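First chain A sits with chain B, and in the next complex the same chain sits with chain C.
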Partner chain A sequence: MATITKQARNKIWAFLALGTFVGLLLLPLFLSLPAGAGDTPAPAASTASAAAAPADAKPVEKSRDVWYKTEGPVVGAPAPKTTDSAKDYPRYNFESRVILWVALQQHLYYGSFVLAVPIFCMIVEYLGVITKDKALSRKYDQLAYDFVKISLTAYSITALLGGIVIFTFLTLYPTFFGYLSSIFRPVMATYALLFIAESGTLYIYYYAWDKMREGFLKWIHVAMSVILNVIGTVLMMLANSWIAFMQSPAGVDADGRYLGNVWHVIHTTLWNPINVHRLLGNMAFGGGVVAAYAAYRFLTAKSDEERSHYDWMGYVAMFIGICFLIPLPFAGYWLMREVYAYRQQMGITLMGGLLAWLFIIQAVMIGALFLTANYYLWQGMDRMRGAERYQKYIKYMVFVLIMCFIVWLTPHTMVMTPAELKAMGGQQHPVLGNYGVMSAKNGAINTIITTTVLSFIIYQRANKIPTVKWAPYGNAFLFGLFTMAYVNIIWLAIYGYYIPANVRVGLSVPQVASTLSCLFIGVILNSIMLKGAKDVGPIVWGQISVRGQYALIMLATSFTWMMGLMGYIRSSVRLFWHVNEIMRDNSPWAFTHTIGFGANMISFNVLFFWLTILFVFWLGSLGVKKVPATAPVGQKVPAPAGSH
Partner chain B sequence: MVGQSREITTGMKIAIAVISLLVATAYFTFLDWGAMKIQGLDYFYMFRK
Partner chain C sequence: MFTGKVLGGVTAAIIFGAIGTIFYFLPESGAAQLMRKAFHLGWPGGLVIVILMLYFQFGRKNDPRQGELVFKSVIGLLGYSMLFIAIANYAMNFNDESPGVPGEPRFLPVSLVMFTVACFTMAMYFKGVRVLLQIGGFMFFVAACLAGFGNWLPQVKADPPPAEEKTADVRQMSVQERADLGEKIIFGAVGASGTQGAIGKGQCPLCHGFQKGFLSERAPNLFGIPTRALERLKDPRYSQADPSKRDTVQKEACPGCGTAQTAAEYIAESHACPNCYVVAGFGVKGSNDRESPMPASHKPPIALTELRRTHRR
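Here is the complex of A and B:
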């Protein structure tokens, strides 16, 4: 009886805790509702003055939104016209922009990490709850706990870096920051409240782990992770609204005067594409960092047990990261498409003008990422007996990947001397120039992704033989699906050369749909076929070459470098504007850096981040008394759902 | 019956492969046409002009 009472009490407490979290989550929304009402007149402009002196009341000035083209009451001051002075741009004997660059980039790296890792935790903890195998369930649970432990220290560093960013803004760009704060005041207040809510949830989530380990309480704990991630994602989206506003402002008139509709300044045209792109990017980055951590622990492991555990951990992290990497180019494409739709010139500056060569570097990085991911999967086949059946196909996949990689990184135009220009007969090479256009590049990247999906399907079945009756038909269908997907992607790439640009641009959608068909239909069909399949041999975790582990470190470094690069590109495209076409940057640093300088800065940020995150890992390892219980080497340890 | 499962002949294998290719061709053609149509574009533009 006493047990039942205790259980009931626990349930009540759990519900109360959950209710409090949900309440905290919804509180900022309620608070922001009045501010969000677009047609509510601002108190300063109407209510107060109308009550005090109705006779002298001036009509509320109205103006037109630069993006939504709607009329609204002017409730804010115009964007300040800054001058190159100590008042607007106080400075040290150093380029203020570079200081801010480092502070923001580090904050972003850590912010991305602490956004991604709890999502991993949620997925892995959930896997632990639904897994029937008790040993495996404990293993997943321990892994999720390890993840959140790492993110806890990183979370503190993120908060510290956030403080540094604010102080840097206040001390080096006070006028601009004042203007931005005046527009985003309710958003910033909401952000601060949500940050408190997230901190509270994270700490309770972590410290209540043992207390909420069993039964119904465990489900409450998993629900808490969902709430934690909802808060984290909303935080990210609010922060995104600031950068989206700077790039494609809305909710203000042509003079930069706020028109009282907070939703308009948040929901600018680039906000959602940036949200999706960043969320996916953060997840891929988080996966890369955790996988690199596991690789580091694998390489320094003293026993086979340790190697087995960290090999498995690296695989799980890489698997989740790659799941988010695959749709990332599509989200990037959507973002660029919206940039072109917003301002064509901005798109041209990015991809065909001043910043185009940075995009070539980005192409190299993306190609390297997919090559490395494939390489890791092929190396991972060493763990399985029976995988040798598929080894002979790898060389063909390498050929396809390399060819597509070359097309993918072919520049549209070359930087040349007049003599070279004359010798080549123009800015485009007569042959290679054909591969520098989007039609070819879309075909190349979709082929690369489809090949990665194929690699994964081969990895899935490396040590298995399907035993379902319809296996020959399933295999035939997979063969037909992939063959025709390749044919279709290449056909659409070629077709694009023969039709006008306005029709050609639409071909990217069926290309993406072809790739996604392979991803979803192929992987799901393969997984169903492998239900109850005959094992050729177990997965021997820990039995992978060290090259595979270096591949994980390479993946993580590439993610980090690419994030730095893309952030720089997105920010640079504003050129000499703080807020595009609204508030001009009149500081002495309103110029675009050379590619070399930009690349060095990105490399510095990457190195700085990795040095500090190693410190975080070291701190995390101090609390680890022993390696979590793992299956002995050679024993089968299931991998994430859908992989084995 | 163990050991008496029906063998799939080479001819059948080829037939299954051809059918799967035809099904996939139809699927991707429909996908191309549909994905262009929802954007208000004509997939068969080149053939009509």
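Here is the complex of A and C:
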């Protein structure tokens, strides 16, 4: 009998582990299959069952789904009609909603972080595997390991916060939570199972890092990260189904009675837009947090080697974060479109009514984020000799960005007293009001994004001179592409003033197409042109200004604040409903807070999160392996941005 | 010319002087109350710093760093004081915005500014934790800007509508009483019809303008509707003679209801059956004005009760 080598044994174990993970992943789906079968009625309502039932049996009551409009058997109790009493709303001398707000927000921050970081880890580890340069491969591997190490501590805190959230719900909103869990029972069970699968996978993934460092086992390890992220994403989607149900319920009748189709209560109209928006948002947020960590380590670094490593780490994290930030407004647009399609009143409350000012704050933040990202790129050009060729263009880009930023944050209409209204001569300011309309704003944000892409392209070629034969044509094409994009975006923004609103909405499509063309065609073409390009000078990682690192911290803080803000907006739009139009909130806190109060709470949550995450960073730094000194300072270290 | 120590010392002297002045001349002012609260909350830590300062001053006379240590204790006390004044501001001004509850949440961003100042001040002198303090200070600064902006904007608190509103029989009401009830349903309160943004259970102003010249892009401006309703009835698209000939997704408010004959009936029909007639240009996108985006007022999400709708007819 042939003896099995150690390596072969490892492979067998790896396959077995992989099979177990896949099984764990699929198990909940199998378990939930009988309950969720599309539009098929549940067994209780089937004709066969009815025929087999005794003649004196009580007929199965049927009712109509509030969203899908399909008939289904009533299998749940109506949504409870709560009263302002200790039974439905126990209280502890403090606004219960605020306590829940803090617990949920902290859980969300950590949850987002631990979902995003393994995705980063997967990308970076994969880059390490496919990179042929051994030194660089090790560097990527170390970076991925550092990422997962940070997320491991954060994962425990996430679980702890999840427990706190459940206890908070149970103690402060028992009736509502009882109703929600009665509907989502199978989903919650699946969630718990997946959570166990996620934990197991994460721990094995982390602790098997060294054992599975080489060869085929490394590929198994990378595959494990894929599984880890699949589980994480499904977990997020299941949790999203609860909030989507609260906002746009389905699968229940007008009285809130569950109609037996679990897929309907999961797959509400806003579920998928929220899933996509949240996934992108989590990635941008995760990028911000890791970049802030790198900035912190850079600023406290004792050696040039350390500075070099953490400068690079910050750049990679920022790069990934921005990659996901760019499509975020489009995902947000889709979400809002679906909100309007679901309930126009809800959309108007968000964008033109009670919560509209919060969107002005959001606009300020989006503008600030893009400005900061550009600023970081410009600061990053300090690392490269040859970048001075492009410095003279920065002032023009600053001008364009600032002008667009101002237009972007100009409000459309404002809440005013009659006296103010009279003094201004109408709802809109006679001059500034012209810039507060959607036509101008669409033009402004698309110009901001296109300019950011331009900044990135300049950054990519800062220390290089393309040597391909067709470089002049390529440059001319790039110039033409951006010129056409700017002309198209601005022309359509102006044209939008002369056509009706319902037609104007359609103009956003060609504007976005221009922006995305610059993003994809521009960046890809530029990367191809720079293959084998002549180096004007090396990228000296670590030679970035301190201001550049503060730009990363600014990005991270702004991401965190914006997440809190958008979460607040999404939740507030239900107004006085626990479950929109199904279960009313009759607690003393059913009112909608002022913007100022919301801003104070968001700030508190942001700062609380950062205080605790600094603790996590500190824990992470206790056992950090020495940074591999494979890339001496000044050596070229490519990053996943084509040329850098 | 001025060293950091001198500047820090002068700053500390000015701040402590200002505090003393406030306590002496304005003992009952808000600032004095805030500082008293801060003292109440943070005196043990302050006492420890003072003891340390005294120890450095009198217990380490031969230490060449004695002056620096005493100075750092003063700066530490200053930062600590600011920290607790900021916390006291939270303790005194945070409330749930319920009527009559003391406190003014709009002052809270001031605390964030104080945290920022405290962090940066201490970062100047405590080199061991300088970066951490600077990063913290920067984050506080960003949060202060955003929270300050949020508090600077117009503040609107939206109360939920009463769960069960008991209204007298509208048929027994005078015309004025009916008008007042209508204003309350549409704008939320009697006399609120002139205020932009005022909105009631009916939610009409979300889309409709009600005053002459008010922007009304989503739905027709209802200023002058009693007169204009009669014009609508004559519109061939309204098809007053035969509702079955209407090119809309819903022909009648209820089977056999027919069409409106008066302006009041037209308005009532518009509430119960917004799809029966859609003003040109205001239909659901892509429906060619065959379908209205407005929900029927007696169904969710508006869900006015029968009584309210009766009144509106």
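Keep this in mind: the second predicted complex is superposed on the first by the 613 of 644 C-alpha atoms of A that agree within 3 Å, B and C clash if a C-alpha of one lies under 4 Å from a C-alpha of the other, contacts with A are read in each partner's own complex, and residues count from 1 in each chain.
The rule we apply is simple: a residue touches a chain if its C-beta (ideal position, glycine included) is under 8 Å from a C-beta of that chain, and two chains touch if they have at least 3 such contacts.
Given the structure is predicted, the values throughout are model-derived calculations rather than measurements.
With both structures placed on the common chain, the touch criterion links A:I130 to neither chain B nor chain C.
Contacts of A:F597 after superposition: chain C is touched, whereas chain B is not reached.
Once chain A of one complex is fitted onto chain A of the other, the partner contacts of A:L170 are absent, as it touches neither chain B nor chain C.
In the superposed pair of complexes, A:F576 makes contact with chain C only, with no contact to chain B. Touch criterion met: A:L614 reaches chain C, while chain B stays clear of it. Taking chain A as the reference chain, the count of touched residues is higher for C when chain B and chain C are set side by side.
In the superposition on chain A, contact is made by A:P472 with chain B only, not with chain C. In the overlay built on the shared chain, the residue A:M365 is in contact with chain C alone; chain B does not reach it. Shared contact residues of chain A, touching chain B in one structure and chain C in the other: 500, 502. Touching chain A in their complex are the following residues of chain C: 94, 96-98, 105-106, 108-109, 112, 131-132, 134-136, 138-140, 142-144, 146-147, 149-151, 153-161, 163, 194-197, 199, 203, 206-207, 213-215, 217-218, 281, 285, 293-295, 300-303.
Looking at the complex, you find that chain A touches chain C at residues 94-95, 98, 254, 295-296, 299-300, 343-346, 348-349, 352-354, 357, 360-361, 364-365, 413-418, 421, 426-428, 500-502, 505, 550, 553-554, 557-558, 561, 575-576, 580-581, 584-586, 588-600, 602-603, 606-607, 610, 614.
Partner chain B is touched in their complex by these residues of chain A: 472-473, 476-477, 479-481, 483-485, 487-488, 492, 495, 498-500, 502-503, 506-507, 509-510, 513-514, 517.
Those residues of chain B that touch chain A in the shared complex are 8, 13, 16-17, 19-25, 27-28, 31-32, 35-36, 38-39, 41-43, 45-46.
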